[in-house]
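Chains: A, B and C, in written order; residue numbering restarts at 1 for each.
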Amino acid sequence: MPQAATPTTIDAESANDPVLDRKPENRVWKKFRGHRSAMLGGILVTFFVAMALLAPVLPIPDPAATDWAAVRQAPSSTHLLGTDEIGRDVLSRMVWGAQASLLAGVVSVVIAVLMGVPLGIAAGYFGGWTDAVISRCTEALLAAPFLILAIALAAFLGPSLTNAMIAIGISATPLFVRLTRGQVLSVAAEDYVDSARVIGLPTRKILARYILPNILPPVLVQATLTIATAIIAEASLSFLGLGQQPPAPSWGSMLNTAKNFLNQAPWMALWPGVAIFLVVLGFNLLGDGLRDALDPREQ
Amino acid sequence: MLSFILRRLLIAIPTILLISVFVFTLQKLLPGDPILAMAGEERDPATIEFLREKYRLNDPIPVQYVTWVGNALTGDLGISLRTNQPVLELIGQKLPVTIQLATMAMIFALVIGIPAGILSAIRKGTLTDYVANVVALSGLSIPNFWLGIMLILLVSVKWQLLPASGYVPFGEDPLRSIQVMLMPAFVLGTALAATLMRHTRSAMLSVLTSDYVRTARAKGLSERRVILRHAFRNALTPIVTLSALLFGELIAGAVLTEQIFTVPGFGKLIVDAVFTRDYAVVQGIVLVTAVGFIIMNLLADVAYVLLNPRLRGQ
Amino acid sequence: MTLSRLPLAAALLGATALGAQAQDLRIGLASDADVLDPDQSRTFVGRIVYASLCDKLVDITPELEIVPQLATDWSFNDDNTALTLTLREGVTFHDGTPFDAEAVARNIERSQTLEESRRKSELSSIENVEVLGDHQIRLDLGQPDVTVLAQLADRAGMMISPDAADEAGADFGSNPVCSGPFSFAERVAQDRIVLEAFDDYWNADEIHLDSVTYLPIPDTTVRLANLQSGDLDIIDRLGATDLAQVQGGGGGITVEEAVSLGYQGITFNVDNGERGDNPWGNDARLRRALSLAVGRGIINDVVFNGVYRGGNQPFPPTSPWYDEDFPVPERDVEAARALLEEAGYPDGIDLEVQVPNRPENLQVMQVVQSMASEAGIRVSITSKEFASMLQDQSAGAFTGSQVGWSGRIDPDGNIHQFLTTEGGINDSGYSNEEVDRLLNEARTVSDDAERKELYDEARAILNEDLPIMYLYHQTWLTGLAEGVEGFTAYPDGMMRLEGVRLAE
């Protein structure tokens, strides 16, 4: 980190001190590494991310290639996880489906964070009418069930993966508004923020220097956990036909089709569900681990 | 206490109005013409125009909204575009179904979640704790609809132990009613049980390290007595509060569960209504759900005050 | 804790075995019915309920012949401009009102004038109704129209109690009063519709059931599981891919089959608004190329296990109206390529098709997509919710649209309104004077052989123009639990419960 040339501010002291600066990070990483379940989560997530990224180079058939002579075939050596309703390789669709799921999880949370955090900061820092309007809207959105909101939004935008991500992102925004607002309120009450105000530091700088760094850890934890929720939400929307569009694979839409063939081809319903479960578990473990590691109270 | 409740109710009014505005605007923006679907093969322009007028779809959206609010205040939530039934009557038919489902899921979650949470807390750091945590997190991570499909596949199709769908009113045949709803309630309760377990655990942990538990132990009380009488009692406050909050969220969770098991409740009603653009039904349900949610929140707060001896006097 | 719960669980599980009902028939439907008013109704499942609730003036046989129901005899005049019906005597509505010519007249008036009525087009040719006696009535038609008789074998011919209808107005559907074998008892939306046997039914000897309960269960697997467990006695639309297993699997389940009257296909936007002006709408060769590239048999085998029927006409190959001169084409990828080249697309061409977001439709289109790609046609699938798809289709906001039609008894109902210039559901925007003339004329001819010639002539033109490319015809698969006797499947997919009984 380049040295800042503003020795008068309070944080500059710690920023100048390499030991003080590195210590908390060290501690966090150490705690995190020692957290066995968090490591397991990390491994799961890494596995699926690798799967999604490597999909184009893995030695698997084209996920859209149909084979009418091999429809709904049970797992075999040619098709390790069997084939689907129009003779496509289930393993290959699983691998490519990881892209849709992870993309949906990450992008919708990025949308929610980019919208929710600024709104939350505005509500918490400026208070008054800004706060009242934002808070009431947030409460209203929170009172409408998350999935119903997402379904209505996705129906409004039209069925597609992009629109599903936007719909989930918007539906998750109130979570981040509420979280950020709460954090800002507690940080803004601290003495050092008060003194910064007193010495006439511009709002922009106060936000960037004191508020933001303090609210980032909980937002990071919340984001990780929300990715898990968002992946399930995407699968749910795809399951209702409002997400990824054919022939592109997604775990949710694979399950949507599979439920019509439970009698003849149960493997079609098994693996996409297992994949959703594992990747969501991964993010949940990771989020838990991060929370424990970043929580200064728990030693 | 009474003034506290009244104040909370007053604050809730703008929130409810906002929700209704959101939902109203959103669904009016949805693509798809319900009248065209309603008309079916009848494309007589006069009929279509008449239907549009009848359901007031030609009015500007703000006018439609004001009309709706006006009617809603007199208890008239409009009629379903699809079945011509009054929305209030539909809700009256569906509410008991979802409440039964939610109650059964809640009971399941309490029975599993709280003992597991206590056990996990008193055996913190042991294998029991670790396993309980992983199981709980798994419960949170498993997609509801997939769990439902798998249960239907195994329990109904393969083993034929429980019916795959349906609903029997509790008053008609209680045993059968419970039996039919076992699977949906289990599916709906899984995530809930996990959440409860995690919160019970952390609540117990913070109580177990507190001074009065230490005092109780020092007094030589049996461990069992310490945990149940002293620790759990005090940990109960956040758990009850949370349960009330979660009960509201159950309605939302019921959406997919009801879809999978063809349970004719709120969730199924609203999803079908969104897809058929049955405006009055969507609007009515969201209103009722939101009001229910807010009431549960209020109850949670009241319970918090009542259970907290220090706050009771105020 | 776990131990004490076990006996309860066992008791709960054991209760399944006790659920045997004596003569209450439980039918699982594929979706929930809409308004239970024959004049306002529009869903297919609604018609299944009416089959037991509301008698019609005439009915059909499984071979599609028109037979008496509430009318015992009928005749057209020489130029087919008037239909005289003799009505059955001794019939009463569920509320005790006697059924007579006056009641028929008031029913037709309601269908034509109730503002919410969806039956106006179906009865548009009736200009005047003359009551000739207590049980005789004449319908005067504005122009020759033989199709009106078949309309009376469906919702337009369902007779409801006129007094009850007047009293309830548009709310009639909340408590329908008809004259069928069963009367309305109760409805819980999305849950059940209960009908009870009507003691004074004119044909009560044929009715062996005490009550019928219709339960909407959209999921095919769940519906079947309920039939297998004995919770249901009859199910609507068994999944085609489940058929082999059900038939081979024991359990006493039998399946009654009938090829439907309807079709599934791709409607092209030939000239409906601006978007009709596209290569696919302008050049019939492209549409013919796609038709050649798509093997109907492959769709049927892959998606429906060979249980449905491949098709290329508005009527299934089993229909007496099917034109044998144009059999279902063999798949010919080379010929399809050649046609594309001739049309100026040697490097292939794109086609966007909208599809309802239901697994079965999507599956069919993905198979079409895959077959078309071998001929150089790159199909992109846009899945839409049914409500928005319908709107886009009617507004012309599409190039190709994968839709179907549940089918009508009279051939006219499967073709006229879709392909004549003024047709009510001509979303394709297709217009051909010769086709208009042939299809209009076919309405005026009462001799079936003569009519068929006219339809065959139209087919020759339509087969070249292909505004609608027909793909397949569904087979109604009705699943019956062990002990259900006397059920016959009909091509209209309706469940007629006369003669049906539950063996003890």
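Methods note: a contact is a pair of C-beta atoms (placed from the backbone, for glycine too) under 8 Å apart; a residue touches a chain by one contact, two chains touch by 3 or more.
Just so it is clear, the structure is predicted and the values come from calculations on it, not from any experiment.
The chain with its C-alpha centre at the largest distance from the centre of chain C is A. Compared on C-beta pairs in contact, B-C and A-C come out with B-C as the pair having more. With centres taken as mean C-alpha coordinates, the chain found closest to the middle of all protein C-alpha atoms is B.
Chain A and chain B have CA centres that are 24 Å apart. Distance from the chain B centre to the chain C centre is 38 Å, each centre being the mean of its Cα atoms.
Remark: chain A and chain C have CA centroids separated by 46 Å (rounded to whole angstrom).
Among all residues of chain B, those that touch two or more other chains are 30-31, 152, 157, 275. Looking at chain C, one finds that residues 219, 221, 385, 388 touch two or more other chains.
Shared interface positions of chain A, defined as residues touching 2 or more other chains, are 155, 158, 259, 262-263.
Chain A contributes residues 37, 136-137, 139-141, 143-148, 151-153, 155-156, 158, 228, 232, 235-236, 239-240, 255, 258-259, 262-263, 266, 269-270, 272-273, 276-277, 280-281, 284-285, 288 to its touches with chain B in the complex. On the chain B side of its complex with chain A, the touching residues are 14-16, 18-19, 22-23, 26-27, 29-31, 130, 133-134, 137-138, 140-147, 149-150, 152-153, 157, 249, 251-253, 255-256, 259, 270-271, 274-275, 282, 286, 289-290, 293-294.
Of all residues in chain A, only 64, 66, 68, 71-72, 85-87, 155, 158-159, 241-242, 245-247, 256-257, 259-264 touch chain C in the complex they form.
On the side of chain C, the complex with chain B involves touching residues 1, 11-13, 15-16, 19, 32, 34-35, 37, 40, 42-43, 115-121, 170-171, 173-174, 188-191, 215-219, 221-223, 225-226, 228-229, 231, 385-391, 394, 417, 424-425. Across the complex, chain C meets chain A through its residues 219-221, 224, 239, 241-242, 245, 298, 301-303, 357-360, 362-363, 365-367, 369-370, 381-385, 388.
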